[in-house]
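Listed after this line are the structures, all set down as structure tokens.
Common to both upcoming complexes is chain A, partnered first by chain B, then by chain C.
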Partner chain A sequence: MIKRSRLVRWKGWLFILPGLLFHIFAVTIPAMLSLYLPFTEWNGISMPKFIGIENFVEAFQDRIVGVAFLNNVKWMLFWVTIPIIFAFGLAYLLSKIKRGQTAYQSIFFSTSIITVTVAGQIWFWLYNPFSGVNFYLDKAGLGFLEWPGLTIPSFALVSVLIADMWRGFGGNVIWLLAALTQNDKSIEEAAKLDGAGRFRILWNIVLPQIRPTLVVVTLLTALGAFGAFEMVYVMTGGGPAHATETLSTYYYSLSTRGQRAGYGSAIALFQMFIAFILIAVYAYLKKKKGWDV
Partner chain B sequence: MKLRFNWRHIPLLIVTAFSLFPMLLLLMNAFKKKAEISKNPLGWPKFWTFENFSMAWEQGHFDVAYMNTLIITGITVVLVCVLCGFAAYGLTFMSTPGSGLFLAYLFITMSMPIGFIPIFFMEIKLNLINTYWGVIIPFVGGAFAFNVFLLRAFMLGIPKDLLESARVDGASSIGTFFRIILPLAKPAFVVVAIFTTLSSWNEIFLSNAILQTDTMKTVSVAYLNFTSKYNTNWALMAAGGVMTVVPMVVLFLLMTKKFVSGMQEGGVKF
Partner chain C sequence: MMKPALRTFGKMMTVVGLVSMLVLAGCSSNDGGAASGKIRLQVPDAAIWGEESSALQVMYDKFSADHPDVKLEQVTMADDQAMSAALAAGKAPDLMLMDPSLAKERFKSGYVEPLDKYYDQYGWGHDMFGWAKNAYVEGGKTIGVPWNYEGLILVYNGTMFKENGWAVPKNYGELLSLVPEIKEKGIMPFAWGSSDNPGVDDWWVTSIVNSILGKEGTKQLYSGDVKWNDPAIVDGIKRYDEFWNAGYVTDKKSQAISQEDSSQLFLNSKAAMRLDGTWSLAADNEPDFDIGFAPFPSWKQDGEPIIPLGVGGGLVINAKSEHKDEVAELLNYFFNPDVVKTMAEHGIPEPIQMDYAQFDLKPNVAKALNLISEAEKTGRTGYVAWSYGPPSVVQVLESDFASVYLKKTTPEAWLDNLQKLKEKDFADNRIFGLDKY
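Now for the complex of A and B:
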């Protein structure tokens, strides 16, 4: 009897195993390989040759890695400030209206379902120096406001960021609104009766209550920013002159076009390391500071 | 009672315009004649034409691309639903030994970024480049952990007594899954299915590297080629763009509520 019931319990693994095999192929083995490949020289065809830390030495001297890393940092600083404040503002406004909440939410989110290759193309038109928005600025005699967009390195990154924000802000609005609607309204009412101003209520009552969600959204956004790839790849491919290169686009082109898989994985490992630090900071805040996130 | 207009609608409507205008622009340009676009790039079309669509369909080889995308998305969605459903079922109802450890393992792997380079070169070694399975396997494997958690969370709310009675009636484990769990957990499976559809339809990171020949490309990836080839013909590109996104837009319009509630519950990040 005992033997049979144990057998029945192990049967559960038969249900887990098929999916697990996919997971092992797509996640576990690649994760282990990505710890080994950075220490090899590999053109993607022959067997990887162990070369020690040479790739890392090269990466630290590579100017493009520096530029890409800095772009990732800029990308992250942008995403954890402007789009999150923007999304919070919208969620806060939405929480105060009675009708049309769902309609607004779905419209804001609808930009996220547009395939990134098409979204990039649309923004390409908007930024086009001859037609696009500049065309109308010129006509209205406001030529000095012209936005050079993707052609000039110093503007290119911001231009891609705006397009990326257009595509991605809706999800944050939905999450923050979900958190806001769970807030205890009675505290707010009480504070209002006590004569607290609008900003005081916002700062001392609304924000602390949604802090868990805010922290998670910020973490996910920051992690996403360090993996930034799609919009950059589609709109500029890292150019002009590597001005918009991110770590992801750089190792992507190194390994698919440059045939330098070993070196590319060293950069990818560096990126994983940063993600690890961000998660560690989050875990620290959660544990040590007692943030109930 | 006097109907008062809430001032908050003004900023919200401005952002609505900011969201919708680029999409509207795509739609408008798709109906313009090629010559009109240079004079009227962002405005409403003066003469509506449909020929851009048929031209783009032919020159962009959309028939092939659509077929590829349907196959890849279809197989991925079915596999994700069945395999993640099975695993969640095994973890929730079968008191499988080691399930706690297994969940911890899944949780850890979930926070790791995709190992793109290792996958790419494993597939070169295994001859999976330019095959449907070359993208389906990483899609399913990559989506596994998150969706198992999502489905398990839902299944925990299903009373165990229901399964006991089914077992007494002589139903097998698989039979119980399809006859009892699947119908009861349908809302969760629908959310998993629509978000998997969306992400595999729109995916370009892996597909762009793995599907290299034109005959294997998905629409999202094929559109990238299409735009670089017909760079100057905006009308054609716009029509191609509309055709690339239209299935997902229709899906979204049909299931708007599911998308929004799915986002609220799951926290799915693209």
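Now for the complex of A and C:
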């Protein structure tokens, strides 16, 4: 009996063994090594040479790291505000309609199934000053409506963000719509009978009910924003003049073209540290404030 | 009777065993035809750069016809990162395409085979240009065969120039008096785009430093005593900054379009000129106007133009290859007349002494190659930064020149940083010994 119960207990481990081994060799060990690489000078080819905290000292003095970090913060602030508010607004309106909801959902979600490479190229063409939207606006005498796109560095980041939002907001609409449909409608009905207005119902009844989903969506969005890479890489590669550089694009170019994988790893470690802070904030909200999922 | 738990366990182990066998079978090394007695060599994909690399196919076909016992397997390496991973895993091809700076780093790590004995055996060095061969010399060893030589030149709309009575500018003074005239006609003086690849901005810096310092001065700048923050260089970079900000380069929008977009602006006669390299001749564009080629104007007020030359890439042998002699034999076919001819036809001639008049080249290719030959005869050539510059400096040239003309930094601060990087490369022994020949 004892042998059988042990076997039963170990059976689960046997099932996860292939995946566990794969994880140990493909994720855990490389992850542990990546904690060492930031303390080395390594060109990605030869053996890494231990140099202590020199990479971190350089990173704190590197103007581009500062620019990239600020861009990541801007990217995150944008994504956790405008696209989420926009997605919530659409999801709320969708939850109110009776007919054609699926069709609308498909339309809003359709941009999310386009690969980043294609979406980035589409927007790159739209922004092209000699053949894109601006060119035709100018031809039609509507030059005052022109959007600088990628031509002015200070507008470049917002321009890439618009493209990224266009591609990514549909996913949040679906998440939030799913949460809204789970809401207890009787509470809204009761509030209506008590004379509560639309805004009051939205603020005091609807939002608190979907708060767990909203928190998770916001956290995932914030984490994703701090790893911003694909759309930037496809559209601008971090340019012009680092105006759209993010930590990810910077350490990628350092590690590949720049042959400075050790220094790139130090910046990546800094980025991971920020991700841990965001997760810690979430854990705090979950535990102390009771914002449970 | 087996107990149910043991039976389940037995079934599970059978499944795990079968899966393991499948995985192991998948992971086992492929003998690549060794069993059939054939040697298999992994070589670069001949289609990797389109027309520009098509000469590889000619080389493979010639070799295969003479060596039926050797099977060539073409392998595509997506980028340098994939190549680094393959080298580290011992799975890189036997023959590899690699630019000089990467080849040197990989040679130091023991991934690239020295080729001196094959140079002696096959006599590859006899007709090869010394400056091109030396791009692949590291620690006194020759580690690669330079693929081609390429030059930075001015490409202009010959028909447009003729119709408007414009003369091709030779220096900054002539350029500055011409470009306002071009703008007045509603035409962009220069088409340029760097959004997809900021690295191309390096071409402008190369053009500036070569025309200001001349051949010997450029050697000293890359590998000797001339500093990147030399006042002459600062002036040259400031001159370009002013030129760009005056709207003479893609109406100050070069950072928002790609190289291909800028090429289309030129081919559609929306721009009068381009800074381009001879490698672009492989694209074989046929616009409805005559294309003119000239040395790019000097960035000195009344200077003489110069054509910076460089090596586009090279072929190296994997130090871990089990068939190095066979790969060297294949590499010898790179000098087969048919391969040499194919390279020349695409405007990317092999860096060897050759009378190109014997080939029936397309008019544009012949014009561009003749231009380079003339410049070489008169000593009016220079060196491109991406082949011969200090690696850390080149990394900034290829990623950050836009910071200067977009006013994110000053030319002085930007060049001071380049000088610091050059000194660091000196200390790390990463400088190419251009000043030694």
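Observations on the model:
Criterion: the second predicted complex is superposed on the first by the 279 of 293 C-alpha atoms of A that agree within 3 Å, B and C clash if a C-alpha of one lies under 4 Å from a C-alpha of the other, contacts with A are read in each partner's own complex, and residues count from 1 in each chain.
The definition used in the following text is that a residue touches a chain if its C-beta (ideal position, glycine included) is under 8 Å from a C-beta of that chain, and two chains touch if they have at least 3 such contacts.
All values reported here derive from a predicted model rather than from experimental measurement.
Bringing the complexes onto one copy of chain A puts chain B in a clash with chain C. In the superposition on chain A, A:Leu150 makes contact with chain C only, not with chain B.
In the superposition on chain A, contact is made by A:Gln271 with chain B only, not with chain C. With both complexes placed on chain A, chain A has more residues touched by B than by the other of chain B and chain C.
With both structures placed on the common chain, the touch criterion links A:Gln121 to chain B but leaves chain C unconnected. Of the two partner chains, chain B is the only one that A:Gly168 touches; chain C does not reach it.
Shared-chain residue A:Pro129: touches chain C; no touch with chain B. Contacts of A:Ser46 after superposition on the shared chain: chain C is touched, whereas chain B is not. Within the superposed three-chain model, A:Ser253 lies in touch with chain C and out of touch with chain B [touch as defined at top].
Shared-chain residue A:Thr81: touches no atom of chain B or chain C. Once chain A of one complex is fitted onto chain A of the other, the partner contacts of A:Gly237 are limited to chain C, with no touch recorded for chain B. Put simply, of the chain C stretches 21-29, 57-65, 75-83 or 399-407, the part that bumps into chain B is 75-83. For the contact definition in use here, the residues of chain A common to its chain B contact set and its chain C contact set are 8, 11, 14-15, 18, 44-45, 128, 131, 256.
Within the complex, the chain B residues that touch chain A are 6, 8-9, 11-12, 15-16, 18-20, 22-23, 25-26, 29, 37-38, 41-42, 79, 83-84, 86-87, 89-91, 94-97, 99, 102, 106, 109, 111-122, 124, 137-142, 144-145, 148, 173, 177, 198, 201-202, 204-205, 208-209, 219-221, 223-224, 227, 234, 237, 241, 244-245, 248-249, 251-252, 256-257, 259-260, 263-264, 267-270. Within the complex, the chain C residues that touch chain A are 3, 5-6, 8-9, 12, 16, 19, 79-81, 84, 87-88, 105-106, 108-109, 111, 194-199, 251-253, 255-258, 261, 265, 270, 391, 395, 398-400, 402-403, 406, 408. Listed in rising order, the residues of chain A touching chain C in the complex are 4, 7-8, 11, 14-15, 18, 43-47, 124, 127-131, 149-151, 153, 235-237, 239-243, 253, 256-259. Residues of chain A touching chain B in their complex: 8-16, 18-20, 22-31, 33-34, 37, 42, 44-45, 89-90, 93-94, 96-98, 100, 102, 104-119, 121-123, 125-126, 128, 131-133, 135-136, 166, 168, 170-171, 174-175, 178, 216, 220, 224, 227, 229-230, 233-234, 251-252, 255-256, 261, 264-265, 268, 271-272, 275, 279.
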